[in-house]
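Presented sequentially are two complexes of subunit A, the first with subunit B as partner and the second with subunit C.
Entry: the complex of A and B
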């Protein structure tokens, strides 16, 4: 009788007995993400499920990420098959208005310049001893594009998935803190006060409908490995612009995006098991991700300055910082910074153009890297 | 052992392809917009 009670109590204590320091630390990490999401409003739609996922997976003996466990099932079905990030892309396409970009297509070049950091960080990661595929996944953090980072790392560096995705989303939410000092440092007062005129040319509906189709074909032919990414974002945008399938558009930007965001967040959180996550490598990934975003901003502003010269002072270099994929935060930062120095300056629509260019640029950068690696027989 | 040749190739081809493809897209947007305007004029 007493023996049975002792065994029963032992069963109840098993969770406590199996608790280790890495689990405790990662539960703390999960709670920190919850705090940042709930209290500070940092990417709450992702930080709340990621944080909770991290707490869940670090409770010993829960078995959520064991074979047959609920989070493992979601992970295998949605992340490893790339379904979750691709469905998110349909939603992003359905939510994005490429109008400001189509009104001034030259701004797409800022979206390309905003991807410099990806490639420079790739070199840095290789120099630090990461494998080619690990380095590609780390460099992609610089795209400031969560779904792209998840898509690439889930396929080519699944052991880095947790670190890469948390870094990507953390830095996305920190864009308003990271970018302004770099923008100020790289531009003169005169450059920051440049007023950009109102865009007058209006884009026809036909152009808006043709744009996603054309982009898919051109980008797909150049970098076939990126067809799933660019195809899904452009499918969402085509549905939005054609107006013929409003039910599908609404479902993509609301119900589907919400459900997938929840499942994606909680499964990414579930990759943050203490023993696997708490490694010096994770800190290096976070450090490199930070470097990538800083370099993107530097390259974007520098390219903005170059465009200013070529356009005889009609481009405010501050909008170059919006050439990353963090939409619409980066565009808002350009607008706020511009207004700090000239209250009558409205850079928002121009910055939105660069920002949507950055979305296409980041997807292209990922697709190009994968296609080049495949072409060289490394995938 | 770091394969620097491969790394430089990825960066060189990568950046060129990103810029090239987006430049191509810019050209295509301008061209389509122009063609559409011509067609609209003719129809009117």
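Entry: the complex of A and C
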């Protein structure tokens, strides 16, 4: 009987006995994400489930990510099949108003410039010795778009999924800190004070309905590998604009997006198991992700300056920084920075146009990159 | 294909392709605005409302 009691007690101590330093460190990492999400308000909808997922998976013998484990089941069913990021895209489309962009279509080009970071970072990652597909997954952090980063890395570098997604969401939440110094450094005082005209809501409903349909067809024909990405975001937007399926629109932007965000977050967190995550490679991924966001901002502002020249001073280059996918944070940063130098300057709607352009731009950049990779025979 | 050639090719074709495809989408937006202008659609709505009132 004593032997049975000893065995029983051993069972209760097994968790402690199997605890290793990487697990302890990653539980600390998970708690840090929880702190950032709860206390600091950094992307709480994602950091809370990701942080908790990281804590869960680092408790030894829990078996959550082993075959048949609950988080492994969610991961296999939702992340590896790409269902989760694509459902998030439907929600993003349903929440996004492309009106400011349709009002001023040339702002979409700022959304293209904001993707330069993806390709330059990819080159840097290759130079640092990462394999081609790993470099593609790291470069995609520069899309500043969590679901796109997850979509690409889950397909082509699943071993980097945790690092890539946490880096993407971390830097998205740090946009208000990362961008302003770069914006200030690259623009003159005169440029920052440029006032842009008032945006009038003068886009017809037919245009708003046809835009997502035709964009899906055209973008799909140009980059067929990106049809799932562009198709889902545009489906969500079509539902929003047509007004005929308000129940589906509301479900997409609320219930579906919320459930999927929870499951996606916790499964991403579950990829952060100490022994697999704590590698020098992870730090390099984080470093390159930071470079990617900085390069996006540099390219966006530089393109904004170019547009200022071509429009004879009617574009404030600050809105170029909003040409990334971090919506609506990047637009707010442009507005705040603009008002610092000219209190009567209202850049928000223009920046929103560039920001929604950045959303389309990031998806399009990923789609083009995947199609080019397929064309080159790499995937 | 070595890594440098791969990276540079992807920058040229990838970034060029992204810029080109987004430029095509700006053309699409301009065309849509031209064929379905806001004012005309609103005028039509106003007219139909007035017709209903007359009825």
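Note that the second predicted complex is superposed on the first by the 377 of 379 C-alpha atoms of A that agree within 3 Å, B and C clash if a C-alpha of one lies under 4 Å from a C-alpha of the other, contacts with A are read in each partner's own complex, and residues count from 1 in each chain.
Rule of thumb we're sticking to: a contact is a pair of C-beta atoms (placed from the backbone, for glycine too) under 8 Å apart; a residue touches a chain by one contact, two chains touch by 3 or more.
Remember, it's a predicted structure, so these values are computed and weren't measured experimentally.
Undergrad: Pick one for A:214: touches subunit B only (first), subunit C only (second), both, or neither.
TA: both
Undergrad: Thinking of the overlay built on chain A, is A:222 touched by subunit B (first), by subunit C (second), by both, or by neither?
TA: In the superposed model, A:222 contacts both subunit B and subunit C.
Undergrad: Touch check for A:144: first (subunit B), second (subunit C), both, or neither?
TA: neither
Undergrad: Thinking of the overlay built on chain A, is A:115 touched by subunit B (first), by subunit C (second), by both, or by neither?
TA: In the superposition, A:115 touches subunit B and subunit C alike.
Undergrad: Would you sort A:205 into first (subunit B), second (subunit C), both or neither based on which partner it touches?
TA: It touches subunit C, and subunit B stays clear.
Undergrad: Name the contact category of A:361: first (subunit B only), second (subunit C only), both, or neither.
TA: A:361 contacts both subunit B and subunit C.
Undergrad: Subunit A residues touched by both subunit B and subunit C?
TA: Correct list for subunit A: 102, 105-106, 108-109, 111-112, 115-116, 118-120, 122-123, 126-127, 132, 135-136, 203-204, 206-207, 210-211, 214-215, 218-219, 222-223, 357, 360-361, 364-365, 368-369, 371-373, 376, 378.
Undergrad: Along subunit B, where are the residues that touch subunit A in the complex?
TA: Counting only subunit B, the residues touching subunit A are 2-4, 6-11, 13-15, 17-26, 28-30, 32-33, 36.
Undergrad: Would you tell me which residues of subunit C are touching subunit A in their complex?
TA: 1, 3-4, 6-11, 13-15, 17-19, 21-26, 28-30, 32-33, 36-42
Undergrad: Quick check on the complex: what are the subunit A residues that touch subunit C?
TA: Result: residues 101-102, 105-106, 108-109, 111-112, 115-116, 118-120, 122-123, 126-127, 132, 135-136, 202-207, 210-211, 214-215, 218-219, 222-223, 357, 360-361, 364-365, 368-369, 371-373, 376, 378 of subunit A touch subunit C.
Undergrad: Give every residue of subunit A touching subunit B within the complex, in rising order.
TA: 102, 105-106, 108-109, 111-112, 115-116, 118-120, 122-123, 126-127, 129, 132, 135-136, 203-204, 206-207, 210-211, 214-215, 218-219, 222-223, 357, 360-361, 364-365, 368-369, 371-373, 376, 378
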